[in-house]
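In the two complexes that follow, subunit A is the common piece, with subunit B as its partner first and subunit C second.
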Partner chain A sequence: MSAYKLTLDQARAALAKLMEKYTVIAPVMNDNRLDYAEVTDARDVILDDRLPYKSPKETVFPRVENVIRFLEGRVEEAQDIKPILLIGAKPCDIAALNDLDGIFTSDKGKFKDSFYINRRNCLTVVGAGCTSKKTACFCDERGIDMTFSPECDGFLNFVDGDILYEPLTAKGDGLFTGSEAEPPKRDTKPEETLKIEAKEADVFATMPWESYVEGCIGCGTCTYLCPTCHCFNLRDAEDKGIVTRTRVWDSCMYPKFTLHASGHNPRTEKYQRFRQRVLHKYLYIPENYGFTACSGCGRCIRSCPGGLNIRDTVSDIMERLEEAKE
Partner chain B sequence: MMDYNKQSQKLKETAAKLLEEGTVEAVLGLKDNPEVGWPTPYFARTAGDVENLVWNEACFTNLANYLLDMRDKKVAIAAKGCDVRSIINLIVENQLKRENIVIIGIECSGMKQNDSLAAGCDACPSSIPNMYDIVVGADGSDTYKDLEMPNSGENVTEWAKNTTVDERFERFKKEIDKCILCYACRQACQGCYCKACFMDRKATPWEQVDPDTSTKMAFHLTRAMHLAGRCTDCGACEKVCPSGVNLKYLFKGLSEFVEEFYDFKAGVDMEAKPFANQYKQDDQQVAFLGGDTIVGV
Partner chain C sequence: MSNRNPYVPSRATILEVIQETKSDTQDVKTFKLKLDEPFDFRPGQFVEFSVAGVGECTFGFASSPLIKDHLELTIKRTGYVTDNIHMLSEGSTVWIRGPFGNTFPLEEMEGNDLFYVTGGLGLAPLRPMIDYVFDPAYRGKYGKINMLMAARTPGDFIFAYDFDKWSKMPDTSLYQTIDNPVEGWDKLVGFPHTLIDQIPFDKEKTIAILCGPPVMIKALSNAFVQFGMSPERIYTTLEMRMTCGIGKCGKCNIGHKYVCIDGPVFSMAELSEMPNEY
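Right after this comes the complex of A and B.
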């Protein structure tokens, strides 16, 4: 497909039109902070080099989602969803969405998640690249090109103050149109260098996990901001005779996450919980699904009050594994 | 005036001495963390480690909480006024032993977070910690200078006096609208050390991670009541909040209420008894009977 060139004003006008059909999610200012949020005015959309504070995973995996409602004598299933258009997703966030797809929809998983699939089918993703690496970003080490991602429906490039829209799938075709132009040349994707290739036994008990978590206060902010963390809990609540079953985010950084009904808890210590978070992304998901579920966005590092650092932790583990080999 | 370089120097020298002499097992302080944007907690365990310690205008983290994980060990802590108030509260509540802690009392005239005054600093009464073993003055010397404290101009007490119940309730709702129930505030709070928080109890209807408004209200209001007379105004809850909830609007009034009616302020006197553990025949009844007095605080 070829690309289309349009001015910023033309793009905003097109976006305003798209808002009639789609719920548009894009980076907008939210209390002095850039967040992916629903757009109410096309002029509010900010497409620059900054990485939004939260990840866009809520578009496909909301913090709270009504799964089913039991009313008197009948059951009401989840409602249909208006098409969602995610604009300005950064390549790291697109990579993370693909990780979630792999977990929730692939044949490799034991279950296909119909609620996720429902939302994902309604979602169109238009990416936008970064021009610089921010502090704590490590997408390059995770093998992600910060300037471009081919794994979305369309991509917005910025050329001399104008926008060059590049449709990549049928879904993305026709969202923005203008004079035809050549798509920009691409750099080659960086090599994925930050990964754990080891057996669980080699890292589980042998790495200095306690030293990595001294600053942890157990707040779980890392899991809430992470674009690939996807653990959830189901709960039923009754109000005035109507029972609603909701799916809500959970966090492996909370002590109660693994509390058994018997009272036993296999992960009572902070280091055990952090170990689970790191190894889930870098060891268990690779074993079960064939990819590492970390996109190197750095949100967990930037927002950690205790200064925990998943990049440094994984790189330290890699060094120790290398030393052990010698 | 503040001289952070001299303060850092004094802190490093003191920490190295304490570790070399074997007086303490660890010195709890902060180390540089450009990725987060401000220094984060660090445990210096050898004299070589102390080079990593830093002290600058972004050292706003309250470190008192970390002492709870090391309560049976002898530890030194680089502490500002707010850390010390929290340590005192934890000693008063029998969580820490005074003899296990060496307080390196660092004079502080307010910290910065993201280029603005850090939460809690404008409510801080003094640049001098309430209790200390080793003095690190504003200029790194052995004497405190008693500096003027910053004022952000945001006077919560005045605001509370000049607003109606409805206005305050609207404000409260606006603030907790932002809350995502991640419990970072609870985790960062020196007073929230319960082994099992009421929010984590099973079999209660408000035990939820479901961030609907009533659950959020139940959490924040109950937590606030649990912290009445125990909150040390350190601002740790606001500093860690990923959603920017201004909790001072909830807590400031409670502290002032306890001070006014029970003559008790948390974090001042190590020998004090917790106000809720005392009974006096002439205790004010307002907390039980309600009425305008409470909301008028």
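Right after this comes the complex of A and C.
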């Protein structure tokens, strides 16, 4: 497909039109913080180098979502889904959405996740690139090109003050139009260098896990900000006699996450919980699905009050595995 | 039910509630359920069972898969959801989705002797297999059967009303043990792993099937291995906190294996390859 050149003002006017059809989610200032949030005025959209504070995973996996309603003697699905157009998703966040797709739409275990698929089918993603690495960013080490992602429905490039819109799928076709132009030349994708290639037994009990978690206060912020963390709980709520089952985010960083009914808990210690978080992304998901579920966005590192660092942890593990080989 | 949304439960009605335990410390009841949309299951599998407005929990089937008109779940009162389940009576509406998980490899086990060892409520998830194997259509496919059932006190045995029937089954020996001696108790005393050497069985021909608290499973499997049994011949079914039952919610993994989809049935050979985090 070719690309379309338009000015920033033209793009904003097009966006205002799209807002009639879609709920538009894009980076906007929200209490002095840049967030992916619902756009109420196309002029508020900020498409620059900054990375929004939270990831856009709530577009497909809301923090709290009504999923089932219990009526008199029967149940019905209770999702409230509108077509969402996500504008300005960064390449790391697009990579993370693809990771979630891989997990929730896989039928490993015989079942796909219907609730996720319902939402994902109603989501259109238009990406926008970064021009610089920010503090704690490590998408390059995770093999992600910060300037461009082909794994979305369309991409906004910035060329000499103008916008070059590049549709990438049928869904993304026609969202923005202008004079036809050649798509920009791409850098080659960086090599995925930060990854764990080892057996569980070589990593699970042999690494100095306790040393990685000294600062952890168990707040779970890392899991809530992470674009690939997707652990959840189902909870019932009753209002005016109607019971709704909701899907809510859960976090492996909390001790109750694995607490058995008997009182037994396989993960009582912080280091065990951090080990789960790191290895789930870097060892278990690769084993089960064939990809590492970390996009190097750095959010968990930037916002950790205890200074935990998944990038340095994985890097240390890689060094130790290398030493063990010698 | 693969085309169906696996999170949407179907309705069931409680037909009967059976009080299992008679002690003050354990409170276990069996709920006999009639399903609006009956489904088939295999021994080893489990369901997600819920009370609307209270919440959902995971339970193994506790009745024979050959019974088609109802199913049973045996539930210990131990938290918010199970407190509420225990308050339900005949006629109550409940919700169920499943079946989930893998199964005991019943065909592979044919021709072998079986040795069931259970601790407390751990007998419940084995009952589908026990009753299946005892069915006249299948009994001839398996050899001698040993059953060692443990409970804290004499009043804590579940399915005690079946013991007489089971012990009279052909080529079957049934043993009961309690944790500490009690006046009037003439059966075994002590934890199961200390007792298996008192029970005659052929370690080359036997497949052991264990279910109980994690500490019991670990001690027992060590005891069987020390006794000379191969880890491939020892099976267990694991408990783990879980939400979805379909490998998505991220809770019940042991390493990269998910108890809900790769389990809950594992051989000790498989478990020895997995991290010791269960």
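Here, the second predicted complex is superposed on the first by the 316 of 326 C-alpha atoms of A that agree within 3 Å, B and C clash if a C-alpha of one lies under 4 Å from a C-alpha of the other, contacts with A are read in each partner's own complex, and residues count from 1 in each chain.
Here, contacts are C-beta pairs under 8 Å (C-beta built on N, C-alpha and C of every residue); 3 or more make two chains touch, one makes a residue touch a chain.
Small disclaimer: the values here were computed from a predicted structure and weren't measured.
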Of the partners subunit B and subunit C, which touch A:D250 in the superposed model: first, second, both, neither?
-> both
Which superposed partner A:D236 touches (first subunit B, second subunit C, both, neither) | second
Considering only the touch criterion stated at the top, classify A:K82 as touching first (subunit B), second (subunit C), both, or neither.
-> neither
Partner contacting more residues of subunit A (subunit B vs subunit C) | C
Report for A:I217: first if it touches subunit B alone, second if subunit C alone, otherwise both or neither.
-> first
Just subunit B (first), just subunit C (second), both, or neither: which does A:K21 touch?
-> neither
With the two structures laid over each other on chain A, which partner does A:E200 touch: subunit B (first), subunit C (second), both, or neither?
-> second
For subunit A, give the residues common to its interface with subunit B and its interface with subunit C.
-> 233, 235, 237, 250
Contact footprint of subunit B on subunit A as seen in their complex = 31-33, 53, 63-64, 135-136, 214-215, 217-221, 224-225, 233, 235, 237, 246, 248-251, 254-256, 298, 301-307, 309
In their shared complex, subunit C is touched by residues of subunit A numbered 67-68, 70, 73-75, 77, 103-104, 107-111, 113-116, 200-201, 204-205, 230-238, 243, 245, 250, 252, 257-262, 264, 266-267, 272, 276, 279-280, 283-285, 287-288
Once bound in the complex, which stretches of subunit C touch subunit A?
-> 2, 5-11, 50, 52-57, 76, 78-79, 82, 93, 95, 213-215, 239-241, 243-244, 246-251, 253-256, 258, 260-261, 273-278
Would you mind writing out the residues of subunit B in touch with subunit A in their complex?
-> 31, 33-37, 39-43, 61, 65-66, 178, 180, 182-184, 187-188, 200, 205, 208-212, 239-240, 242, 244
